[in-house]
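Chain nomenclature is as follows: A, B, C and D, assigned in order of appearance, with residue numbering initiated at 1 for each chain independently.
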Amino acid sequence: MKAAVIGGTGYGAVELIRLIKIHPHLKIGTVVSNSQAGNSFSEAYPHLTGILEQPLEKFDPKTLAEQNDVVFLATPSGVSSRLVPELMEEGVRCIDLSGDFRLKTEEQYEFWYKHPSADRAYLNQAIYGLSEIYAEKISDARLIANPGCYPTATNLGLIPIIRTNLVDFESIIIDAKSGVSGAGRGLSLTSHYVEINENLKAYKLGKHQHIPEIEQVLEEESGHPITVSFTTHLVPMTRGIMCTMYVNLKRNLSTLEVYELYKKFYKNKPFVRVRPVGTIPATKEVWGSNYCDIGLHVDERTNRLTIISVIDNLMKGASGQAIQNANLMFGWDESTGLINIPMYP
Amino acid sequence: MKAAVIGGTGYGAVELIRLIKIHPHLKIGTVVSNSQAGNSFSEAYPHLTGILEQPLEKFDPKTLAEQNDVVFLATPSGVSSRLVPELMEEGVRCIDLSGDFRLKTEEQYEFWYKHPSADRAYLNQAIYGLSEIYAEKISDARLIANPGCYPTATNLGLIPIIRTNLVDFESIIIDAKSGVSGAGRGLSLTSHYVEINENLKAYKLGKHQHIPEIEQVLEEESGHPITVSFTTHLVPMTRGIMCTMYVNLKRNLSTLEVYELYKKFYKNKPFVRVRPVGTIPATKEVWGSNYCDIGLHVDERTNRLTIISVIDNLMKGASGQAIQNANLMFGWDESTGLINIPMYP
Amino acid sequence: MKAAVIGGTGYGAVELIRLIKIHPHLKIGTVVSNSQAGNSFSEAYPHLTGILEQPLEKFDPKTLAEQNDVVFLATPSGVSSRLVPELMEEGVRCIDLSGDFRLKTEEQYEFWYKHPSADRAYLNQAIYGLSEIYAEKISDARLIANPGCYPTATNLGLIPIIRTNLVDFESIIIDAKSGVSGAGRGLSLTSHYVEINENLKAYKLGKHQHIPEIEQVLEEESGHPITVSFTTHLVPMTRGIMCTMYVNLKRNLSTLEVYELYKKFYKNKPFVRVRPVGTIPATKEVWGSNYCDIGLHVDERTNRLTIISVIDNLMKGASGQAIQNANLMFGWDESTGLINIPMYP
Amino acid sequence: MKAAVIGGTGYGAVELIRLIKIHPHLKIGTVVSNSQAGNSFSEAYPHLTGILEQPLEKFDPKTLAEQNDVVFLATPSGVSSRLVPELMEEGVRCIDLSGDFRLKTEEQYEFWYKHPSADRAYLNQAIYGLSEIYAEKISDARLIANPGCYPTATNLGLIPIIRTNLVDFESIIIDAKSGVSGAGRGLSLTSHYVEINENLKAYKLGKHQHIPEIEQVLEEESGHPITVSFTTHLVPMTRGIMCTMYVNLKRNLSTLEVYELYKKFYKNKPFVRVRPVGTIPATKEVWGSNYCDIGLHVDERTNRLTIISVIDNLMKGASGQAIQNANLMFGWDESTGLINIPMYP
């Protein structure tokens, strides 16, 4: 089957291309970049010299639909909302890595993203692609809203406990840390080497567009209204997200009891590793893989649960999960082509 | 005046030596390292070639007291508790950078540090050297327990609000991040370049020995029993600590109101910069300086205050504050010799 | 077929394990670490949790030979020279990643390595595994001396021009730069994060044990005695080697002419990419892959050729080339299992 | 005395400001940035909050000359050539950190810089500010062309040997490595964190504009025509330059003999440290200081001298040397205000 990639020369696109190249059932079809159409892909990414020399093409929904079985959109928010309707009218399935189809209401989107929402009809069709939680719906989807990087790490970490009655729903605090590749390939002072190396920054306090995405999922999974505190930090490294999460427990639980609850929850999920009691995952331990690793600790002094969840933001936080969703969509085993051994060191 | 440095070739010691060298009223006296006595200091630290060629000496309290006006101890915990009494009997003033004299009871120390405490008589004499808060006591001290790096950043960030009645004292969460120099020059896999570069790790969940130090100060300042959640992370950088702190407010406050409270609190304190509303400090913005910069944000959705405080762990978090305390102790202006322009970039 | 790995928990071993796991014809057999026998491999490397839980075993040549088809030795120099004879007597094929069987004479080895050489009988049997150059001999080998990281990058960059009569053989200068993983997992101040981060160091001037290995190959390939200047530098990154090489040309040549000579030389070699005129490879462009990329530039002002060659030191510089050699040895396509798309970014 | 800084918010300017602030005889006068005039300096650089709040001003030569005793220009090449004549007509002394007044002929400048040269009259007046070599001329100068970062490290490393008859002048090879701050604060993909972290790149082979500057000095100092091979590399760190230089010796010399020659040459130069035989400087050992450290090694196998010289590119390679030149110009001790203890770690 052929997979198109729209989003030219961003980091999401280049990771998708790597994953499609090693996938046993997928082949690279069209690669779209309006701004660089005609150039070869390896000019923008010399590491692909001799591997992907095909020219970048202009966006043309009709041809795209004819020549590809699925289209991955790794475009900035505000772009997919325009392209997806054109593609779906041509009948091709879409997996959108941007935030454009994740929120259920136009109002929410426009409040947090500060530009016009996608059309409600498409929001309704879009299936939220948190693979471990919504596998069944994903398998029937024609349009998948691939989750954000922070919401993936956060929600996989919180859902098992949030589905119980053991927590104070008002107490959820998420202290999130990300490598710089999450900010993309676009130039800015906050991605400038000299400003970021040997530096740690917090950003977008209380304003991050992933807040409503996290809350929407947690509300659905818990059945309760949920408002979280969510703070993001930029760490001097390329890949990796860690979310350190704090939840007040309503009754005494040991770390072991929480561990067993999580272990059971993720029993048949090949990409979630609940770490043994006493061990905490580090971001490099999932680097280059599609894993989400989760560590747990109950502080008996405060009766508060600390959950630490790590992912590779370009893999489970973006392109890896997109491939996992394609696998589910096409009825393949969800780990097909996702060779899953982290690169270490 | 002459200042001795005990602690040979650790990062605390080498930073003290830099600061003493540029201090207008202090001169390097004895530099002690039992394990490397006889070697020149610049062998261990070639950047000091031609700057500090004097030989390292063995510990001898009598000579130390005769030849120096103050002794800085940058020794591991469990060492100062033995050396300080010998030095004080000889009548020399001591500023101890380890944790040995910070906690008020032997029980607390032994529970968290897992080895024998210093003698109660010396615990009683020791003045806790959080310069901005205890300046008056410090000026009379003969033994200063210089604060830990995390407690300095945490407590300077929390004290202004904790002294009011505006917060829920049970809600305090501290998500702390540190560069690797905090772990010292001793070899270990968790300071091995390849394991740390491009990696983010959490460590010592619920077990960090700085927890009781933080709580002891907060209890004293608030007049309430306080138990905090405190999580530490290792960030791939050399210097810098950021503490992201979460506190539930008991009534509605705007970020501006909190800012004004902090601004007033630190009015005459040259080393604390409360950042204007809407800006948040990054660790590199205090790199190499003795500043503690504080950013504030009230999330109106949750009525929770987020406080972000940053320091250079080797400066305000260790040697810089030690010099500041020496200044207070000797009656000099507290910023004497602490040329205070961060190195950037 | 089953592959054993000796060398327990070093970086060479862990990369071999990753590559064997994804190889279609190889399976992990025995994993040997005398010092950690009985422990599970994933204790030392938590990123392998759930992937390689098998216990580490003690070295036992008989069992190793019975249960494995090939043994990879990723042991320090001075160890393989003892283990390989015992293994070969049991009839199992060995691929040694250390320097113990690379040099042709005991004298050379002992001069540069400062400890006893392997037995001459084994030196004679060992085939030097620079895959692109000695593929034929490798396919018949029972013992392969896998090349060093620097010699691989250097010799692949120099051989095409050194085989001609176009160069002054006395003029060869190799300015080599490596990431820190080349120094292994053993603790030392020169691999300590704080000493290496934001630092660039030269080391072992004129004393590096890879000098005789480089010269031995160049002499064989050129038919001339060759003495090189070789300087190594430690760069603050984990993976990657770049060798910048300078050679005086005996007559005028354009960059294009040299490019075509190289292009022809490596025509059917899937792992060497000669970069188009005007482009120069960076280390990250081969990260995680088995490529050696080569850039060329003739400076017409000095009539000197600059050759820049880059590899991933753990891949083409160690474990990747070892797998490539195993492929050649077993008659498989040399790129089998070496999914060769660099990880970027 | 008052010092103006033109060049707004580049790294050269911000380092100058730090150095002027701590200088005992200089005060910050006007700070010029046409593009950000009216803004406060600390908006661009929050680390200067409370330290430099003065507004940036537009370029006005008359006012600048009236209100300042010296003007430092940290502007891009092609800008100073326009501004300096206007300033000098107003009678104020100028220290230019760009390349605009370093080369002696317009032709050379235009060949290498690819845009129009400064006027010959000003080229003639400009004194090349390599402080250790041209101190006398500098003390009389009204216009100083502050040397480039690479030429400073290179020429201080080569001049002592090049002044003798011991070397083959055709054999000089300079393999140069720099941190990223040398590329400035302007945004570009080659300064983008994700592209540079964990990466090593060579750039501008045979085309670097510092080549003619290096050769001009070496020719003057040796009295021979000199053409060098010069290759630059970008290292994933913020500050630091290392030049590894190779020179063929015409007769046998020991490392010790060369060391003594260098030691004597730099006897009274406070900012050059010739390192003892057997030790080689690393870039971090001069970090934040105005030192140039030099290591020496004669390879007896090839009779080639390797010289390794390191500087902090923003200090001795730019702003530090500019202050040193100002000291010489005003008749102060050349190390005035240049507190010279490297920051380590």
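Everything below uses one rule, namely that a residue touches a chain if its C-beta (ideal position, glycine included) is under 8 Å from a C-beta of that chain, and two chains touch if they have at least 3 such contacts.
Owing to the predicted nature of the structure, the values given are computational and were not obtained by experimental measurement.
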Original post:
In the touch network of chains, how many steps separate chain B from chain C on the shortest route?
Top reply: 1
Original post:
Which chain pair shares more contacting C-beta pairs: B-D, or A-B?
Top reply: A-B
Original post:
If you average the Cα atoms of chain B and of chain D to get two centres, how far apart are those centres in Å?
Top reply: 36
Original post:
If you average the CA atoms of chain A and of chain D, how far apart do the two points sit, in angstrom?
Top reply: 46
**OP:** With chain centres taken as the means of their Cα atoms, state the distance from chain A to chain B in Å.
**Re:** 39
Original post:
Which residues of chain D are in contact with two or more other chains?
Top reply: 11, 181, 194, 197-198, 236-239, 282, 284, 287, 345
**OP:** Considering only which chains touch which, label the overall pattern as line, ring, star, complete or other.
**Re:** complete
**OP:** Spell out the residues on chain D that touch chain A in their complex, using ranges where they run on.
**Re:** 11, 180-181, 185, 187-189, 191-194, 196-198, 236-238
**OP:** In the complex, go through chain A and note every residue touching chain B.
**Re:** 170, 173, 175, 177, 179, 194-195, 197-203, 205-206, 227-229, 231, 233, 235-240, 242, 244, 246, 280, 282-284, 287, 295, 297, 299-302, 304, 306, 308, 310, 345
**OP:** Spell out the part of chain A that touches chain C in their complex, as residue ranges.
**Re:** 11, 14, 18, 21-22, 45-51, 181, 197-198, 238-239, 273, 275, 279, 281-282, 284-289, 293, 314, 339-345
